[in-house]
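Per-chain residue numbering starts at 1, and chain names A, B, C and D are given in the order in which the chains are listed.
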Amino acid sequence: MTLQARGLEAGYGRAAILSSIDLTLEPGGIVAVIGSNGAGKSTLARTLAGLLRLKQGEIEADGVLVQDHSAERRARSGLILVPEGRRLFGRQTVAENIRIGGRAASRRSPERARQNVEMLLDSFPVLRERWNQKAGLLSGGEQQMVALTRAVASEPRYLLLDEPSLGLSPRLTQEVFRLVTLIARETGAGILLIEQMAEQALQIADFAYVLEQGRITAEGPSSEVGSSEAVRTAYLGK
Amino acid sequence: MSARRLAKVGALLLTASVATACGSGSSESSSSRDAADSAVIGVIGPKTGPAPQFWTETNRAIQLFAPKIEKQYGVHLTFTYADDAGTPAGASRAVQTVLNEDNVDAVMGPPQSAQALQVADVVGRAQRPWLLHSASNATLVPTAGDTNWAFRTAYNSDDLSDVSGQVLFAPIDGKDPVVGIIYSADAFGQAALETFKTYGEQHGVQVVGESMQTGATDFNSGISRLKAAGVDSLFINMTSGADIATVTESMAVDDFDPVRKYATANVLADYRGLASPSEWKGLYFIDPENFNGSAYKAILSAYKSRFGGVPDLYTTVFNTYAMLDAYAQAVKTAGSGDDYSAVRDALENLPAVHVEDQSYEKPFGPGDGELDEPDAADWYVMGFDDTPQGNIVTLGTVQHCIDKGC
Amino acid sequence: MKPTNSPRTTAQRWTGRRPGRRHAGLRIGALQRDLLFLVAAAVVAALAILPGRTGEGTSIATMQLVGQMAAMIVAAIGLNLVAGLTRLVSLGQGAFYALGAYAFSYLLLDVGLPALPAMLVTVLGCAGVGAVVALGSLRLRGPEFTMITLALAVLVQQILLRWPELGAASGYPNPLQHGTGLLDPVSVLGFEFDPPLTGGVVATAMVPIAVITVVALVLYRNLCRSAWGRSLRAVGESDMLAAHLGVNVFWRKTAALALSSALGAVGGIFYVLIYAHVQPESFDLFLSISILLAVLLGGGGTVLGPVIGSAVIVWLQQSQVLDGVTSFEQEHLSSSWYLSTPGLLGVLLILVLFLMPQGITGTLAKLWSHRAGQTTSVETEPGIAGGGDERRVVRLLEQPDQMRDGAQALLLTDVTKRFGGLVAVDALDLSVDYGSVHAIIGPNGAGKSTVANLVTGVYRPGSGSVAFEGTELSTRRPHDIARLGVARTFQTPQLFSSETVLENVKAGFADTASLPWWKASLKPPGQYRREAELDRDARALLARVGLAHDERTLAGALAYGKARALEIARALARQPRLLILDEPAAGLNSTEVAVLGELLMELRRDGMALVVVEHHMDLVASVADVVTCMAEGRVLARGTAAEVLADQEVVAAYLGRPAEDGGETLTDPRPAGGGQA
Amino acid sequence: MMDVVVTGLVTGGLYALIAQGFVLTYITTNTLNFAIGEFMVVGAFLAMFLHGNVGLTGLLAIAVAVLVTGLLGGLTYRVLVLPFSTEGKHDTRWLLTTVGLSFVIVNLTTNAEGANRQPLGFGNVDSIVTVLGERVTGQQLLLAVVAVVVTVLLVVVISRTRLGGDMRAVSEDAETTALMGISPRRIGALSYVVAMMLVGLGGILWAAQTGVSPGLGPPLLIAAFSAGIIGGLTSLWGPLLGGAVYGLVTAAVGTALGSLWGEVSGLLVVIAVLIVRPEGLLGRRVEIKV
């Protein structure tokens, strides 16, 4: 029972942005994909979620090849992406956003999804206060909270988070990451944390991949990756 | 691909297309023209376009009556058809095709004024008989004059206005009426308005005109304007019966019920199916022929047994018959269709044209290409009875209605 | 990219040398091609009207067909300027065709103008109407523009149907008002041009129709293939891109629509010359759609596509060739449920969009380039793209005084930009000197690209000043700023993907913005020289960025690294003094990055001021004189690359070191609205 | 004066109902069906056939015809709109394919049924009703009432139901909606079905009064299109307002200057709205991101 990508190649137009990507994600674990701007992180997230057709390779979720499935079908089977920039429905309320997130879970385990949402709301009561506000009017941190809660409402088996720290202060980033840990623990979903903030991401991840120029240049347990030169090189040059 | 190559390909394609276009005519006829007493008629009509019923009725009338007339006069008539697509350019193209490629001896149609207008000069210059079997505008499509080659078996707009004017402009309760005219926004309708206006000026009668777009969803604003102007004598000169239904519907809505309501025989197409008896109560229409007369009865029953149902355009069928009869006689007299001026002279001097048991003595003459004369005593006023299907009833001649009221 | 090893001396030797007779061969080549086109067009036109030379009756229908083709061709090439090149899909071309036809007839008969002035007034008048329509509608794009032109087409027909002075439904002229249904033959200098209406009369009107069509085609072709045409393609690609090439997008679109309308009017004039009479029902929406269909079928945006499309469409409509299909349907499918010509044209429209989205010529061209693309060798004119030449272009031709090394090029003072509640750039100070590279680094969302957009005029700063060589930029628009000498590349390369690499670079030259349309279409001898220069300079630029062997490739087929290189070459074409590169190394492999680095160093040596928004630290470390690290819109650190990369705060921001206490939290509920991004 | 207001508003109801067919699809898919007039024709012919030839009762014939028209709308979306709207907001190929479809339908129905108007044979409220002291036909009033009811229903459904939430989500951000397990294509197809059902219903009720013909579409296409643009294609209330404005302007100008200038004035209003406020009176301005 894993999410596996084998030999992925993807990109826009003729250009390949990703090539020969292999990665594995298991339920309950947090796997970080780190890399600098432009390394192809978002392309990877979009390819896995089905927003971008891959040129080559396979994606297998729980033993089913899903690379030909549409994004909505993958979502309904529990492969959930929180896209870069959160992409909330800004004209709808927080409640509506979370409710619509539940649509992906409606055929599997809506009840469990509801419980998990309650659990998150208990930990972050600020969202209950914003419950009937338009999501577009919330602050960046609050929006990220809503996006994560919305994802949990989808009862993810595999949760892809594309740069949840984007545009957030380090302090808020830390909170978001705490929430990610909580989600992993409580929902049992496998979380692929695609991040630029390497050190913080590595702190909560079990395993990590380093993405550079569309290829995986290093991988291993996050503690090892974090202390390796590979990371500093990828980010700060030699 | 370099521009040079593109240019070459373009040139090739262009040449090819031009070449093919030159080669493809529309000739649907390939008759032997050698036989004496034979003629080729080029029929132009809107096969495609917004009013294909003109095309249909013309063709049906030809199918129905041509064999009989050929036999009757011992002439051989060949028909070649060209589609004017309901546009002036289409008519221009069609007339060129029949004149030059099919080399016809006579042109029949186009039936609609706008198209006829575009080709009038061309047919005139070609000096071949032009057979107009459909109501058209006398000024735009004239049949008189020294170089006249046109002959019309339908009424023209001037005659229609003349006769209808005699009824509509007649005093109501001893006072001059306010005359209203609702006309189609086309060449025929506009000419009708002009004639009425002139007529009104001559007689000191107020004339109010409102035009209506074919297929308009309602005519409420036009009706309120007519009502506001105090119109009590109304003429509805529309090409489509469906549009007349829209007019009478709006009249009902606006509670506008003038003392006189007249229309043309176009009211027979579609109108009764779309309006209700209450709307056609008191609505009369004018035509040179009596639709309850024996000639019409014979034509309609022949039409019915061949095609099932009545024609959309009664008059087109009737007038096509009359035209075929006239032309066949002229060809017979001239000996052959390709002696154009002999045929023309023969047409001008025909002793009589027959439609079934009805005849028109000396219908045409030099400078007179009109079968119908604007004589109120010869035209009929008809209406519908109260039954849901609205049977046609003949109220009498126009003169009768002027004298005694209808 | 290929590093250059050519010694500086070669470059200087080249700089002093003006192109002279050496390029005569090239110039004649272009001239020959143009002459060939002229001759070919003239021959086709002559052949087309040849059947009418005797005035025989049988030729009249053909002459009308040819005339209608000509009318459709000029209207369609006009529409192509708007719908094909500028990609503003207009359903209003029929309106200008109608206006042209009516205006010309009215001026001839009612106003009594002689033919030539009447023609001139008609064309100018319609161009004016087109410009007015443009002024009102150019804010609209996509479907909205189509809708307003659709409304215009319907409106014009409705008005013509009703206007009493123009005969309304009786047409113009009509016997009722004018005593005749046909206009007199048009006469110029005593020579009468008879329409193809009467057998036995030679349709001399076909001669001016043919001549004008050929002239219009030649001028139009020149225009399309000129820098002016390139500017329209740029607008079609994106307004933003065109503006960054210095093109005043608004006026360029207005001019395109005016020209297009003028050509539409010429189509209408042809109609009058052929039929000598106009009727409103000839100019219905179907006409507008047919013209657009002609453009699409032939290939929108290509030079000859609309010509071929028009010929095919008119032929299909007017000859009875589709009747065969109809009778086939009637015999084999259904005698009542069948399609005739109008319906079949509807099917054709759908099929073209489905099967040949690039039209006949586009599809042929694609097949051609597919077949020939791999084997095409680069035709290098001797001495043009040789090793040493490339430097001549990279080195600025003249160095303005203000460009001495070390002088300040760009100065941002206290610049702040907010988007809603988000502060993207916060009180930023930044200065860039000539002969230096200023790198801006920082994590995603730090505001780096916003800086690039503020300098190039995409955004206006909320407060603060942006000055280039002392000129305030904050109130200027992108095309203005580009003309001052600022060029840029984009985060994702914006290229004309269906054009060749060479054409892409040529779009970068200042001519794209500055060449007037009349000069472009008349193409005086100087233009041949200029085009040859552009070709040569563009090739040199391509050689410089390592694309010498790709000049015939379609830009859309380039690999990512090459696409970036091409974009840089295009940005350099204008010889900017300040160049802003937005993530130039993204997607490049390490060899390519190294070559890019060398290129940047050379530009720097040439005295250019460079701003590089980058995340590739190797590149930054090797080229940047000054590095500014931004985070959350503010400057985190500034200094040399070594200093900045060693800065602990920078390292933390990059790697995401866990934060200290303080700032907003989400666990403690606070009043609504207190939160901050 | 009052009669102009009443007639204008009542005729505006028909335009509003058809314009709703534009708005529904525009909200969810950013596309319009330019063959909308021909879908009215299809609906009306189907109803006539089902009633006259198959022998269904009036209401049943209407229901089936409306449903089939809706399904044809869904098919149109799948085959002629979806594949031609893949290149972002500036992709206008769908406009041309639907225009092509309208040619096909007009031609096909003209060839098969002739250009004449045929009575539908049922469904006409054949009476004159007095509203605010002014007389209007029962059928037009019915259409106006249906337009209002349909609009209210749509607003309720879209703001209150789960499906409505999905539709709003798709209209805001189709891609993200897909990430929620909702198929934007299915929502798009559904909105085409519903939209063309409304159009079919409008076509049938209208044809019941004026008769069925292939030429039924164009006059109403222009009016409905105008109503949609004036009201704003992104607002469900837009058609009602746009229909009312268009109906009032054409009625008022028609009464003042003659009915033929009415339509011209309506088109001038459309052009003015597109120039001054392209999103329409009630529409939402779409921000352009760089």
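Keep this in mind: a residue touches a chain if its C-beta (ideal position, glycine included) is under 8 Å from a C-beta of that chain, and two chains touch if they have at least 3 such contacts.
Going by UniProt, the chains are A = ABC transporter ATP-binding protein; B = ABC transporter substrate-binding protein; C = Branched-chain amino acid ABC transporter ATP-binding protein/permease; D = Branched-chain amino acid ABC transporter permease.
If you're wondering where the values come from, they're calculated on a predicted model, not measured in any experiment.
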One chain pair leads in contact pairs, namely B-C
Taking each chain's centre as the mean of its CA atoms, chain A sits from chain B at a distance in Å of 76
For the pair chain B and chain C, the C-alpha centroid-to-centroid distance in angstrom is 53
Here the gap between chain B and chain D, centre to centre from mean Cα coordinates and rounded to Å, is 37
For the pair chain A and chain D, the C-alpha centroid-to-centroid distance in angstrom is 42
Among chain C residues, those touching two or more other chains are 161-162, 340, 342
Residues of chain B that touch at least two other chains are 48, 185, 213
Every touching pair of chains is listed here as A-C, A-D, B-C, B-D, C-D
Per the touch rule above, chain D residues touching chain A in the complex are 162, 165-166, 168-169, 172-173, 175-184
As the complex stands, chain D meets chain B at residues 3-4, 7, 11, 14, 110, 114-119, 126, 128, 135-137, 140, 206, 209-211, 213, 215-216, 218-220, 223, 250-251, 254-255, 258-260, 262-263
Chain C residues touching chain D in their complex are 87, 89, 136-137, 139-144, 146-148, 151-152, 154-155, 158-159, 161-162, 240, 289, 292-293, 296, 336-340, 342-350, 353-354, 357, 453, 458-459
As the complex stands, chain A meets chain C at residues 11-17, 36-38, 123-126, 129-130, 133, 138-142, 145, 163, 165-175, 195-201, 203, 213-214, 231-232, 235-238
Chain C contacts chain B in the complex at 33, 36-37, 40-41, 43-44, 47-48, 51, 56-62, 64-66, 68-69, 161-162, 168-171, 174-176, 180-182, 196-199, 221, 225, 271, 275, 277-279, 281-282, 302-304, 307-308, 311-312, 315, 318-321, 340-342, 360-361, 364-365, 368-369
